[in-house]
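Next up, some structures in structure tokens.
Heads up, the next two complexes both have chain A, just with different partners, chain B and then chain C.
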Partner chain A sequence: MSTIVAKSSFWRERFPVDAVVHFFARKTVPLHRHTIWYYLGGMTLFFFLIQVGTGVLLLLYYRPTAEAAFESVQFIMTKVQFGWLIRSLHSWSANLMVAAAMIHMFSVFFLKAYRKPREITWVSGVLLFFLALAFGFTGYLLPWNTLAYFATRVGTEIVSVVPVIGHELLLFLRGGEDVTGATLTRLFGFHVAVLPMLTTTLLVLHLLLVQVQGMSVPPGEEARAVQRKPMPFFPYFLMRDLVGWLVALGMLAALAALFPWELGEKADPFAPAPPGIKPEWYFLFMFQTLKYVPAKILFLDGEVLGILAFGLVGVFWLLVPFLDRHPEAGGRTRWFTVFGWLALAFIVVMSLLAYVVPQTF
Partner chain B sequence: MKKIFFPLLLGLSLAHAQTPPESSCLICHRQLEAELLAPVTAWANDIHAGSGLGCESCHGGNPSPAVADDPEAAMSRAAGYRGKPARTSIPRLCASCHSDPAVIKKYNPALPTDQLASYRTSRHGELLFQKGDDKVAVCSDCHGSHGILAAGDSRSPVYPLNVPATCGRCHADAGYMAGYGIGVGQVADYEASVHGEALLRKRDTAAPACNDCHGNHGAIPPEVKNISHVCGRCHFNNAGLFARSPHAQPFEEMGLAQCETCHGNHNITAPTDARLDPTGSEFACGSCHEPESAGWKNGAEMFAILHAMKSKIATADSLVRRAERAGMEVSEAKFIISAANDELIKARTQVHTFRSALLQERSKTGVDLANQAVGLGRAALQELQYRRQGLAVSMVIIFAVAAALYAKIRRKDREWQQSQERG
Partner chain C sequence: MSDFFSRLSRRSFLDYLLGGGLAALAGAVLFPVLKYIMPPAIPQAVQNDVVAGKVGELAPNSGKVFRFGNKPGLLVRTPAGDYRAFSAVCTHLQCTVQYRDDFKHIWCACHNGHFDLTGRNIAGPPPRPLEEYRVEIRGEDVFAIRQS
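On to the complex of A and B.
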């Protein structure tokens, strides 16, 4: 006991342990009928931690070259003890993380949690979401299989429509005119170094802001939240979080064991593109929309306009807290809510169409 | 042979892209109708026209446009006019240039000049020159007359895909062939054969057409003892094995054609293992060998070896597919199965040794590979089982912890509630 005390005083002298403990002991979660949405952020964080853990393990065997990437993943899937599990967990968890982040983001949007003073929390959150998509895009090519190869070709092609610097951006992403081993090495670098660095920085900022500002209570729920005594974070909320994480872990394990992530055929740049190339589900709505955009709108290229429109919507989404400045005032904010529902409906309908409508090219 | 000719002829045909020189023949015939206009129209595309030759090269006469209004002068016998050449004279007429290396060298030095010599050795040539039979094919029957195209031109009647129809024009016509003592079913048989399927349906110009087995200018039916050489030009492994097999000598002594005896000639269908099945109607060995004789048994043994190999590969394939459907990574096993299938093809070639012991030896590698794949398939399915058991155990643990945590939450909640009420 004395050792613990000694140790504890060792840390007390060097680190504001008491302040942190005190902060968490006082931390509370408001209770009202939308409290359930508070769990989504933690769920996203849980999947992210799984990504970090499994990602590091995959790094032990993965080789990021066009000659060896496919074979190394194959080796992981067949020869490495529990390699199949780690890779499947990494792939499934990536998808669940994007899904959890998406739900988290929309719930924050509809609950108006981006209101002053949480503008920066929202901006950092949206940027984190974009980073998650970038993780998905860069990670997709790494097994160097046929589907990934051609999907990456289509995906990187899209940046070339950006005015003025489009072609340079394409060269930067691909490391040349075409998708080659250079692209693979480059995307690997982004996936394991650049993106994690940016994500960690933003994540620390995001979590710090959430801690500093506490949970936002949605407009209309303030009265209810005041009536009910908030739930102490320790241990009540955390234990509930843990139950959610355990369920998520069970779900992940089942998906990984029953539906191991496919590896497919090794990419052959000289082979014709296989029919029905589709990106991952979270890019599908954009992919499908671009198919419906007419080839020419006035004198402009339809596809370019479509992609620029998505870019603008992205910027708008990022700046929501600054545009919807007085959510309490009602009128203006109602339009934002309508926009949110329309965006959600658009994403769902377009994604479903991508699955239902036969692919013609 | 045709693989060398065609590119050269095609080259020649491309080299002559020029319009035919004007002549009295063309000027006058252009004003005529039907039969007398047709040669002019066809001539525009003729390979010879493009090389600067004129009608007079074959027909004689005065080609000068100055005499276009004077048929007497244009078609003057004094100017060498000879009109329509007799069919029997056509081979020599064509050969007047085509057998002369000095002439041919000017147009296409790689073009052979032995066509007439070959033609003389053919059935067609023999009948024409020795018996004066002008019903037989002469150059113009296969190549055309005024619209002759390079053999590599897909519109040419001697382009590989068109050869069966060209030969069939005479050889499938019972009326025309009457009196020659040969059947007219060869083209129909050929069309139904593996070779016809490959050439005519799959449009694989590497597949043999009539001329590849019979020769083109020197077209003759291959004699019995030559058949294995003809087939062996492409199927050299089978021919080589057969030549060293116990069948080679007796077949020769009995005057049996080597490949044809079992496979037929024009109607060659894809060989199946059923030809070795002693219980089936297609059993080829049974047509010569008595039941239970050594030859008969040898056939039956070869069938058993191939059958065992096939079933082993099928077992491996089904195991691996099952594992693959369940999401297991089985590319290595699939690769091995594909190698085992290659071995099966090699083993089927080995049938031409007609020695079951040799086939048994040859089949070992394939059987080993199939066994290896069976092992990998089984291991994959076991691994699948292991994963499911592991999942079940993990689920029990995860949900037990979750349930315990839930119970704890309930208890803590009650405590908190009580402390709230008290406080």
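On to the complex of A and C.
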């Protein structure tokens, strides 16, 4: 890997180029029947980079106030050249990023790549996933349309069930008692400043840890991975990664061009919630569950219990590497695999129900 | 007391002083930041009655959303022809409810909550009834009045 950069004495004198080149020259990817899952993290990163690029472009025309937000998005989509494409790419790529991150996360979970010494990699990854959902939630309101308005009312109301500080959290998110222009400006600030800052920091940590620790070989595959010679990352695996990114770009471009993201109606705080209202697909399972939870369980409000249960599962998910102490074959760890499948089945079934069951009954 | 001072070395005394100073500094920085983040309460003129609609505007078995201060309200004309008024804010997760002429009662689209014509939560996840307003007809106007 004696590239131009490495040969240039200018950079050698100013940066430890040789060490970096040496590191990547020796980086390998283990080969076994689960190698395919190694592509998903890079795929998520690819969609994230698309989000950064298209997001910066949208910032050039977007105006974050209740009076002008909807109109400015309309302007982007109808007057700005290729504005419809940029916005459509941003919306589609957001969805594909969450999907890729979800597949990445579940594959890491089932292949038990979180086990020692990769606990922090898992924790940073789950936090990054939560940040991706936060990006989705905050970005959803920005066009200031009817669906976004009610989604934000419901979503911010949900935090108010947090014990003790719930109401303060609600005020913090909404910038007041109600969802107003203040909420829009606030969520805009989170979406373009706070969340990117947190994400960048965690992403650097996450990627650094992956580089330092190398790829995890799933339990039961070690023998096979030792038998087969690992693939050098540079250039072979990188080339395959790039093919994946190219396919992803093609898919994204096709979706964005064939199914441009709709804008809907401008939000009216004094209109009833429209029938058939639903959140984005990655929140659907929680939404559907909240419909089934009865109004009262014993003396407590059902929705409070439902939301707190989701919160507890989230914390459990974050702490998985510390709870699953013996992830090698057998033992306690089988329960974690079972839990993973149950969680996945729950998410899939609830999401499907949200599509299949009629909205009024 | 003297025991305490005799055990306290010059080094640890300075450490306490430094640590305490840093903690105070952090507090002095964080307190205004936290206070800044929490939005100021905006005083609302307390409004106890509002014109919800005009007589004759609503046919029996229909409803409309009206503004009650900065919150939506729902004026319903029952199939029998009398007027009812409620807060239109669903008691579940604060979506805005509507009157459904096919159900002949009030419905929330967000999580499929149902309320009867007295505002009582009869199906779905809402935990409490809707707040009901008193209705008065004065001339052409239908007033909704908050019951204290």
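Definition applied: the second predicted complex is superposed on the first by the 352 of 361 C-alpha atoms of A that agree within 3 Å, B and C clash if a C-alpha of one lies under 4 Å from a C-alpha of the other, contacts with A are read in each partner's own complex, and residues count from 1 in each chain.
Criterion: a contact is a pair of C-beta atoms (placed from the backbone, for glycine too) under 8 Å apart; a residue touches a chain by one contact, two chains touch by 3 or more.
If you're wondering where the values come from, they're calculated on a predicted model, not measured in any experiment.
Asks: Touching A:254 in the superposition: chain B (first), chain C (second), both, neither?
Replies: In the superposition, A:254 touches chain B alone.
Asks: Looking at A:240 after the superposition, I want to know if it touches chain B, chain C, both of them or none. Which is it: first, second, both, neither?
Replies: A:240 contacts chain B only, not chain C.
Asks: A:291 contacts which: chain B (first), chain C (second), both, neither?
Replies: After superposing on A, A:291 lies in contact with chain C but is clear of chain B.
Asks: On chain A, which partner touches more residues: chain B or chain C?
Replies: C
Asks: Check the residue A:80 against both partner chains and state whether it touches chain B (first), chain C (second), both, or neither.
Replies: Neither: A:80 stays clear of chain B and chain C.
Asks: Using the touch definition from the top, say if A:344 reaches chain B (first), chain C (second), both or neither.
Replies: After superposition on chain A, A:344 lies in contact with neither partner.
Asks: Is A:210 touching the first partner chain B, the second partner chain C, both, or neither of them?
Replies: In the superposed model, A:210 contacts neither chain B nor chain C.
Asks: Regarding the shared-chain residue A:274, is it in contact with chain B (first), chain C (second), both, or neither?
Replies: The answer is second: A:274 touches chain C but not chain B.
Asks: Could you please specify the touching residues of chain C with respect to chain A in the complex?
Replies: Listed in rising order, the residues of chain C that touch chain A are 37-39, 42, 65-67, 70-72, 88, 92-98, 100, 103, 107-112, 121, 124-127.
Asks: Touching chain C in the complex: which residues of chain A?
Replies: It is residues 150, 153-154, 157-158, 168, 171-172, 174-176, 178, 182, 269-277, 287, 290-291, 293-296, 301-303, 359-361 of chain A that touch chain C.
Asks: In the complex formed with chain B, which residues of chain A make contact?
Replies: Listed in rising order, the residues of chain A that touch chain B are 74, 77-78, 84-85, 229, 232, 235-236, 239-240, 242-243, 246-247, 249-250, 253-254, 257-260, 262-263.
Asks: Can you list the residues on chain B that touch chain A in the complex?
Replies: For this pair, the touching residues of chain B are 327-329, 331-332, 387-388, 390-391, 394-395, 398-399, 401-402, 405-406, 408-409, 412-413, 416, 420.
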